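The structures come next, written out as structure tokens.
Shared between the two complexes below is subunit A, which has subunit B as its partner in the first and subunit C in the second.
And now, the complex of A and B:
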């Protein structure tokens, strides 16, 4: 049993200590899955790191007690703590792609871990490792164990990671976002596995995640954290069903439901810049609409990539990224595109923007055909009419340019506004329109949070006077409350300016909130397409059904 | 895999052709070969006859093809200065330079890798700071100054080690080696250290930087969280992953060590290719210079090919394809 009392962790800095977490209390019983939920920067991972004794230097435990069974974890010497790691406490990391040593076989990594904590021969350790892999759901383990990590798929790799964590029979496993990097189907398998291990082996799990759906599905108890402090703790049904703390309530409100569409997310309205400041930009955008609502239609679009060369004489095999895709996006509507990783979602976006050359098919924007890939000239009107909002606002804005330079670039580039002061005024006004302070114009991207940066990215896209916007996972790098704000913003802008949007996401619940129509993509093929409500309530394709079933949801009764 | 090697070799052929072209241009266009070969007393008619005999009036492409063909047959021409075949001159000098380079490389690895690991694991230690300072001084001082300082201290003041030449050597086949005599090793030590200092510093700093990077990765943190013994974690997990990029640079640098041993060889009067090259420059012995160029380029290409193969040996991701 893990007991945490009054835990606080500090990071010394030149200006005094910075408190990362403060007064954290938590008890995890054997066999219990304890969810630790909160947004980025809430200090969830710091709690886990403090328990296992792997705080990033120079952080230190400033106060409180940490006990596992009868052992006081704070009094252990570094050597004792290292022996205890793995033996009694283990950990699972977020990304199975990076948490295994790429140069060693699975076998070597399992055997060394088992041998580090129990005095057994190599062959006995190997036998245990093979049995464990079988138990964890890897078939033909005796042979697969000889493989290197890169030979496993993402889900299988996360199983191997779990096998490694379990191999020494620990009492507690800290799972830090164990399913965030996985597709829903794999996520549900991994969560099942965690539940089974907790029950059968009586392992206590600390499940750190930002995904409330995941918590709702598997956690017995939950602790909600914000800014390094515990907001609320208790049984999962109680905390999520009848939240006592306003923050928990706000968090729940921001989670997009899968089973219905809500018009607007309830988000606390921050003191945004006066809406009047945005009038200039609004009028400018409206007056620029010489083009009517612009739809996009894709006919039999096929994209093939050359695979790795395996032979000197044979041509490398093709990898089909998009297979005969036909998609009709009505003018002024939002088309949702969902699918798992590798399904070809982003390839579709790249084909439309001309970054990838399709092998067959046609693309029509409005009533003009779009030339493919490099044959589309740099001055083709579609380069202005089609704009894109990317997933990661941390890398999509040039960190060496001021916000003003970033925003005025399309105005100058497409020759909309000749006068520099006028351009700047328009950029300021546009910032107000997307809900930011106009004085942001003199700052640099790193001075803003992820959500603010995504607003800037949207502003940048709008300043090109687009008619067609591609949003490629625009909120998957953001916290739920920020996600809710951005989704609200996109909805507002869409209805105000009559944009046509292709909204790409792996998150079915988000797409449900946004899209008029939804297309489900798998292995480059469209599995199903139709009115969003119809697709979600009465899916026809088996694949859509399974996706919907596997997505973790909260019981409806828990939601306001 | 086979395809990869063949592709690399194919590329290498082009590199070698480019270098051969440079060497050829040097031979053909830096001054007139005939005036350099003949004295003032040779008549113009004789010069013209010689020119015709040597094929210097043939079209450019013919001449280059003939030059490359001769090279491939092992016919490297004759030195202007000694009138000996260039092939013999170079091949008699290769062992000295190679042994010097290899020993310098080994010294730099034996010291550089452990020092890099140590300084990465204890980034704030006193010894770490001392090592970093010393090596910084090491690279800041030019090679020849280091050589002269070593000669002064160990050769002149203390009188422990010889200050020039190869010392005792043994002939094994056509290879003249100083690795089998105590005397030879004594002579080899100072120049090898001089030549290895820069490489040592580079190796150490690179290992340090890479190792610190690797220690922050998820798989190392996961290995920590599993309680993998520290020694194994550092040397089996971290160091192996560190070596992949380090090998590239060391490989590239080794080509450089061979090429730039010129300075060290001249300080220690080490009878290797570098010294031969310097002598050739002094006497405008263009055939030797050209061949030297080609031989050095060949070493570079060879070392790079070996590095590529080492990559494959170390990294299973390049060796075994995804089965899924």
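And now, the complex of A and C:
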């Protein structure tokens, strides 16, 4: 049983100690899955690292007690701690791509781990490794154990990582975002496996995640953290269903539900005072609406990429990214596009914006045909009418340019406003419209948080006076409360300015909140398309059904 | 003060790195000495009237038979060593810096374009770069020198020596810039801000120079400092071999070549003083380059 009491971790820096976590208390019983949830920077991973004794240098445990069974983890010598790691506490990392050694077979890695902790022969270790792989659900383990990590799929690889963690019969496993890099179907298998291991082997799990759905599905107890402090702890149903702490309540309000659509998320709004400053930008945008609402239709769009070359003389085989996609986005509506990684969602966005050249099909924006890829001239009107909000706000803004330069660029480039001062005023006003302080204009992107940057990215897109907006996973890099703010913002802007939006996401719950119609993409093919409510309540395609079933959600019965 | 240093992390690292500070100090001293040589130097080594053969082969001030007027002694022509070195460093730095500028403009331009366009253009530029890399820098310089001697009329050959030398050095250095610029551009091309700029329909030149270039400057600055040292060394090597600058307008390399003749005849200072000076200059610049690399690459910290 793991007991954490008054744990504080500090990181000394040149300018004094920085407290990463403070006064954290937690008890994890054998066989219990204890969820540790919080937004980025909450100190979740630091708790795990402190327990296993692998705090990133120069961090140190400043205060508190850490006991596993009756061992005091803080008094261990480095040698004792080394033996204890793996033997009694194991760890599962986020990305199975990097946590396995690509140059060693699964067999070697398992045998190495088993032999490091118990004095057994190679053949005994191999037998145990095979049994273990069978147990975690790898069929034909005796043969497949000879494989290298790259020969396994992402989900299989994460199972192998779990097998490695379990191979030494630990009392506690720390799983740090174990399913974040996985698609929902694989995620649900891995979560089932964790649940089974906890029950059958009585292993205590510390499950660190930002995904409340995952916690709701598997955790017995949950601890909510914020800025290094514990906000609330208790049984999962109680904490998530009837949260007591205002922060937990706010967090739960920001989680998009899968089973219904809510008009607005209950999140604190930006200052009303600064909203008035947005009038200039608002009027400018409204006055620019000479164009009618603009729809987009894709007919039989096919995109093929060259695959890996197999012979020097033969053409490389094709890889079909989009296969005969027909999609009709009604003017002024929001089309949601969902699919797992590799389904071709981003390729579709790139085809529309001209970054990727389709091999067949037609695209029509409003009532004019949209030329493909390189044949679209730099001055084609669609360059202005179609704008995009990207996934990663850390890379979508040029870090060497001031916010003012970034925002006035479309105004200057499309020739909307000739006067430099006017451009700047408009950019300031637009910042206010998206809920930012207008004086942000003199700063650089690195001075803002992810959510603020995404607001700036939305402002940049709007300053091109677009009629059609593509949002490619606009919130997947953001915390859930920030996500709620951005979704509210997009909804407001859409209804105010009559934008047509293509909203791409892997998160079904988010799309449900945003989209009028939803298309489900798989392996480059559209599996299902229809009114969002219909798709979510009565899906016709088997694939949609399974996606909906596998997405972890909180049982409705928990809510008071 | 702390807030100020926190803001400029590079500066903070700088004042905590004695090696970098000493190197910067030495490099700055040499640079100032070279720039103000005409005002500091005792004699003008280019002006035959300013020195006298009677002062020839005087040892440095701490040896017997020296003239306190010439602190580091004189060479066989009677030229003051300090003056020769200051003027020599001036010439070496001018050639090094201009060669570096040409190499940087050529290399960064080609590298950016290769990274931006990719495909066939990239392949052609990079194959040319590979060929260039396969030729040793000295060979390239000899080749250009030979061509220049062949096609230029003898009358202007002497006047163009500096230009030919600069071009030869620039041609052997541009590959570094091109390769680094291309690799960094490839990384930036996948960033969404570049895609946003391309999507807008901005001119390729604007995307390359306004959007991408500022983001890849870090590694390029590092190469610049390290290559400045290479350029100075290359110039010294060529002059030492006698294909660089002639004895009447001595650079550091020429001074070392002249000194070689006196190595075994007791007048050691004529060789060793310019040599030590060259080593100090090059090592200082290299230390500064390493320091800059650490500043721009947080992972090495």
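The rule we apply is simple: the second predicted complex is superposed on the first by the 548 of 560 C-alpha atoms of A that agree within 3 Å, B and C clash if a C-alpha of one lies under 4 Å from a C-alpha of the other, contacts with A are read in each partner's own complex, and residues count from 1 in each chain.
We take it that a contact is a pair of C-beta atoms (placed from the backbone, for glycine too) under 8 Å apart; a residue touches a chain by one contact, two chains touch by 3 or more.
Worth saying up front: this structure is predicted, and the values here are computed from it rather than measured.
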Which superposed partner A:161 touches (first subunit B, second subunit C, both, neither): first
Contacts of A:388 with subunit B and subunit C, given as first, second, both or neither: second
Touching partner for A:379 - first (subunit B), second (subunit C), both, neither: second
Contact breadth on subunit A, by residue count: subunit C or subunit B: B
Touched partner set for A:15, first subunit B, second subunit C, both or neither: second
List of subunit B residues in touch with subunit A within their complex: 2-3, 6, 217-219, 221-230, 232, 236-237, 240-241, 314-317, 320-324
Complex contacts: residues of subunit A adjacent to subunit C: 14-15, 353-355, 377-380, 383-384, 386, 388, 390-392, 395-401, 409-410, 413, 460, 464
Subunit A residues within the subunit B interface of the complex: 52, 54, 82-87, 89-91, 93-95, 98-105, 109, 112-113, 116-117, 147-148, 150-153, 156, 161, 164-165, 167-168, 174, 308-312
Sites on subunit C touched by subunit A in the complex: 2, 6, 12, 191-193, 195-203, 211, 214-215
